[in-house]
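Got some structures for you, see below.
Paired with chain B in one complex and with chain C in the other, chain A is shared by the two complexes that follow.
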Partner chain A sequence: MSNAGSIRRGQTRAGWLFVLPTLVVLGLFLAVPVVMALWVSFTDWNGRGSPFASGVGFVGGDNYRELFGEQGGLTRSDFMTSLRNNFYYVLLVVPLQTAFALFLALVLNQQMLKAVGFFRTAFYFPSVVSSVAISLVFLFLFSGGGVVNSMLESIGVDGPTWFNDSRGLLHVVGDGLGLWSASDPPSALVGGGALGLTWWQWLSGPSVALSVIIMLVVWTTTGTFMLMFIAALQDLPVEVEEAARIDGAGRWGVFRNVTLPHLRPTMLLVTTLGLIGTWQVFDQVYVMTQGGPSKTTLTPAFLSYFYAFENQEWGVAAAMAFILFLIIFASASLQRWLFRDKDAIELKRQERRTKKARTRAATGGAA
Partner chain B sequence: MSLASSPRHRRRTSLAALAVTSSLALAACGGGFEEDSSSEPASSGDGPVELQVLIASSGDAETQAVEDATAAWAEESGNEVEVVVANDIAQQLSQGFAGGNPPDVFYVDASVFGDYAEAGNLYPYLDQMDDADDFYPNLVDTFTLDDQAYCAPKDFSTLALQINTEAWEKAGLTDADIPTTWEELQTVADQLTTPQQAGLVLGLGRDRVGAFLVQNGGFWVDGEAGEATATEPSNVEALEYVQGLLDSGSAVLAPDVDAGWGGEAFGTQKAAMTIEGNWIRGAMNNDYPDVEYTVAELPEGPAGKGTLLFTQCWGISADSEDQEAAVSLVESLTSPEQQLANAEAFGVMPSRESAQADYVEQFPEDAPFIAGGEYGRGPVNLPGLGPVLADLDSQLEQIATADASGILESFQQNAEAELQ
Partner chain C sequence: MTSPTTTPTTRTSTPAATGRRGTGPSTKPMIGNRSALLLFLGYAVLVLFSFIYLYPFLVQLTTAFKTNTDAVANPLSLVADPFTAAAFRELAQRDFPLWFGNSVLVTVLVTAGRVFLCSLAGYALARIKFRGRSAVFTAILAVMAVPGVILLIPKFLVLRYLGIYDTYPALILPLLVDAAGVFIMKQFFESIPESIEEAARIDGAGTFRTFWSVVLPMARPALITITILSFQGSWNELPHFIVASQDSDLFTLTKGVATLTSGQLGSGSQYPITMAAALLMTIPVAIVFFVFQKYLVRGGTSGAVKG
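What follows is the complex of A and B.
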């Protein structure tokens, strides 16, 4: 007994030794900075010297109140504008990139297709090119007199000045449908509001400029997620599909009842990664628009950078980062819950119930 | 028994281990920072020192000029100087300030000066310099916070009016028609406007429109009093004058003609006049060498002449251990001779009044720019106004259609909230 214990103790020690480098690296470069940033978000640190120095004032939740409370003023409306922009961005990018990735994966997974390797590389290519380089190319493509507008012109459409166009898409569409006039918005929407923005501002939708960034990101990320879907599709045995066919399922039936359920874990992975990535969007904004026109491409990550590095408001910037973390955490959890395997949960519950019933019957029989 | 308890035990140990490692690391960091921030900068100048200079360079010419000048000083004084070109100077300086080891000497833009000075990152040294009163007073004011002048202006730029010679002659205008008042500016802009070409193109934002406020005797803020003054009637008038120009169709904003800035619209001849600073010279030489143009001072407003100044200073870090040597380096970098050499190398204007005559002699066509040094106004340099100014710029994008007093009122409100 004591012998076995000492062997195990030796193993434990060796185990700790093996994970120590990772622990130290993670602790030093992840845990410590996170704890420091959390502390900064509760102080009025101005970026000079250590945030733990004696001169740095602890201000409690003031930085957070600045983001949500009445006293926030401009800071609050900036932050809310950035959340609004990023919300519309996530709402469009995540479903679009997932749908495109799945579609491309299904196309590439067909046995009949020739030159699969070429197409796979071609579709994956945008994902491996630096986002800064692609952003610069898009700047040229979508300039007022750029390629895109020249092509639109050739079919008789007068293109917008993309990156200078701050009109919200919902405003424009509503105006086109005659729901409202964008130049003279309904007073019910302009009069009221919440958290520093009017309802009219909340309901703007993504601006034309933000839509270009959305197109760019969908185009660049689809390739990566396509690879994940392809990998999952290749795991699906052909026999299962054939069996379903023999049972009388059509193409759509096979896709709906065999392929999609099989892809559920990959779908969860893709949408979760997409969600996290889209809430943190920074590079494209930094390179292409710096938050303009009229703040319609401002995102929390960029705003946090702007407040910290350009304006030395480190506390407020750190608070923004933690709110962003909470948003990502909450939406990822919600997603996990939505994607949960209801059948498996039900099965487990039934098992438990039968087991309980059986024990009860057994004890009852004994008594 | 022991098997069942081991996972829980293991988890607890790992948490403890993480806590220990992070607190150790925290303590280590805290200790390091503490030491740095409490140690008094020793400004004894004995023995050779090594200075680090961080610059945000406009290109190879500027880097080379700074490297040559610092090397000359190093040789003469027996010290060493390392010049580092920043990719993102705001970020690199922030890292230095937070870590307690910023570069000794670095560029400070007027727009971030207030924040840096208030945080205590800058060492005020201007009063130790020889001939400090030779700098243009307007530039020194730009680097003054709470009556304390901090740093020596490196050089400066001003806004002036650029006129396309070909369009000017085609419209039958002569030298006598160069606009000197707001009314004349409107008139010539009207005359120069053709279906292919706007009369005048304006860049976006407070750094162009602001000149009209100065010409009308107002400005966004009163730097000395530390107050926002945007809602003064003179400012509303100035904005309304700009709106009138835009309304009449003889003036446009740069994005309206698909240009990134006024110089691009002017170079591509989408507009016959623009209001830009002396940096337009380099752009015209490189990108549009065939476009002939002249430069004139900005027209006078109802309150007289007015333009905007853009400037940077040589900041010396409050944490530097060799401040005395750093001041001596800055002295040599801002000497009239060195400033004239810089002017030749990368087209900036000397910040010393004593260099003005030589500069005008060397670059007679730049006289309208340098004249602005006398009556120009520096940017808003009050600390804490960064987001407020960014918001102003964002609202000014819509100046053609927006309500002028609405923009000014919202700026006033936001600025007052920050400044109180």
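What follows is the complex of A and C.
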């Protein structure tokens, strides 16, 4: 009995010794700093000395009010611009990378194709390469007289000067469709607005410069998500699909009713990871555009960095980081809820349908 | 009775599904055409995407050996004319070797530390029954959920507070543990049979000894996965290095090369130089990737799927 007790105690000591280094590093460089930054977000610390010194003023929620309230001025319009940019970025990147990843996985999963390994490697390779290296390559590809514009020129299209083009895609498209004139926007949209930006500014869509970053990120991340879809597809027994075929389902039917439902958990994972990742875009902005042209590639992550390290407005910058955290948390939860809800609704609908069919069959039988 | 009816159905299942309308011998050539068409479309898609995926790397490779005039005048050409290594010589004269050295140092130390600490913690969480284990595990899970980019300011604050800002430890220490790595190791240790360790323990080996000489050697595949993931992660890391130092002697490759574009070194549009720099920083990762691909693919998906 006492022997077992000492083994138990020995185990506890060993267990804690084993996890201690990990806990110390995570605590010291993760948990503690987050609390420190939370404190800073309620002060007017200017980066000099310790943020806990007596000279540093506690300003309550002022930094947060500056991001959302009238008094924010330029800070607020910068922050709102960055949120707008990142919103359009997420809206395009997440569906595109998921769709391409799923598409490539489905193609590569066809048994009749050969050399699948080569193609899989080719599509996955950009995911392991440094974002800095890839950003440099894209800077060259999309430069004024670069590769992409030369290609466009050969088919008679005059390409834009990608990284200097701050025109919003929605503005351009609306102009092209005759909905509005981009040079003379409708006064109803320019006159009103919210949170420091006019409706016209909110409705800009991603700028041409931002769409290069969107293309870059879709190009880079598709491979990783493709691997996840391939792994999930390989979990689906071939017999299941074959059985569906025997039952007379066509290719599309099998895909819709067998493959897609099977991929639902992977889909949730891929879109969640996509959401979390896209709200944090930083590297590409830092290397390629530094927020320009005309602030159309500003993102909250980069803006927070810039306000802290360049403007020395640490309180506001820390507040931005925490708002970003809330956005990521909220959108990931929202998305989770949407996915689960759809499942539940579908299940309930099916139950109702079978119940109805059953009662109908019962009454029909009676008649 | 059953076997003669099922066998023909399975045999014809595929054609029956693709060409439901027709029956008999007339469907056969139609199906063949359709499969051939799908096969052709499949390859067409793959070739198109391979072009999109590989062409940028080919451009990078050839532009690195071009003169700037040639790079600007013939961006599409995959032949450097004239062929020159001037961009590489230029990089060698600048701080590039220093950045490369710093990156190697940081990557090696971070990788070694991560492999050791992640397997220690992963083993404890998988095997050692100690009080507080589930609390520790929950804490690590919570840490994994914190988005990295909001840690930029916090990391700077704590490094300053500890007085190690702008030093090598500032570059290395915060990267030493990766919660996802702990997770991967824990999962692996849970998958190997416990009986072997019990035998070692009965023979009187202590917990650490059992871990070090019995369990760890069995964990080779997982250790390789962690090694690759940390190598790639720390080699490509940028934001942490941006906030952990400002001294140009401490620049790593990512941070140093990023300055090439902002024109601080006056090479904003010197494409061969930026392409050569991008190429050189890609090569080590590419080698590791091609040699250990299967481990990377496995770790990349398993770590993420579980996270």
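Quick notes
Simple rule for what comes next: the second predicted complex is superposed on the first by the 318 of 367 C-alpha atoms of A that agree within 3 Å, B and C clash if a C-alpha of one lies under 4 Å from a C-alpha of the other, contacts with A are read in each partner's own complex, and residues count from 1 in each chain.
The definition used in the following text is that a contact is a pair of C-beta atoms (placed from the backbone, for glycine too) under 8 Å apart; a residue touches a chain by one contact, two chains touch by 3 or more.
The model shown is predicted, which means the values in this text are computed figures rather than measured ones.
A simple residue count on chain A separates chain B from chain C, and the partner touching more is C.
Of the two partner chains placed by the overlay, chain B and chain C both lie in contact with A:145. Look at A:65: by the touch rule set out above, it reaches neither chain B nor chain C.
In the superposition on chain A, contact of A:262 is made with neither chain B nor chain C. Contact with chain B, but none with chain C, is seen for A:295 once the two complexes are overlaid on the shared chain.
When the shared chain is aligned, chain C comes close enough to touch A:121, but chain B does not.
Shared-chain residue A:110: touches chain C; no touch with chain B.
Once chain A of one complex is fitted onto chain A of the other, the partner contacts of A:251 are limited to chain C, with no touch recorded for chain B.
In the superposition on chain A, contact is made by A:31 with both chain B and chain C. Within chain A, the residues touching chain B in one complex and chain C in the other are 12, 16, 23, 28, 31-32, 36, 50-51, 143, 145, 308-309. The touching residues of chain C, when paired with chain A in their complex, are 9-10, 13-14, 16-18, 20, 35, 38-39, 42-43, 45-46, 49-50, 52-54, 56-57, 59-60, 63, 71-72, 75-76, 117-118, 120-121, 123-125, 128-133, 136, 139-140, 143, 146-158, 161-162, 173-174, 176-177, 179, 182, 206-208, 211, 232, 235-236, 238-239, 242-243, 253-254, 257-258, 260-262, 269, 271, 274-275, 277-279, 281-282, 285-286, 289-290, 293, 296-297, 300-301, 304-305. Taken in their complex, chain A has these residues touching chain B: 5, 12, 16, 23-24, 27-28, 31-32, 35-36, 46-53, 73-75, 78, 143-145, 161, 164, 166, 291-295, 306-313. Chain B makes touch with chain A in their complex at residues 2, 10, 14, 17-18, 21-22, 25-26, 29-30, 32-34, 36-37, 88, 90-91, 94, 97-98, 100, 112, 115-116, 118-121, 255, 258, 384, 386-388, 390-391, 394-395, 397-398, 413-414, 417-418. On the side of chain A, the complex with chain C involves touching residues 8, 10-16, 18-19, 21-23, 25-26, 28-34, 36-37, 40, 50-51, 103-104, 107-108, 110, 112-113, 119, 121-141, 143, 145-147, 150-151, 219, 224, 227-228, 231, 242, 245-246, 248-251, 254, 269, 273, 276, 279-280, 282-283, 286-288, 290, 301, 304-305, 308-309, 314, 317-318, 321-322, 324-325, 328.
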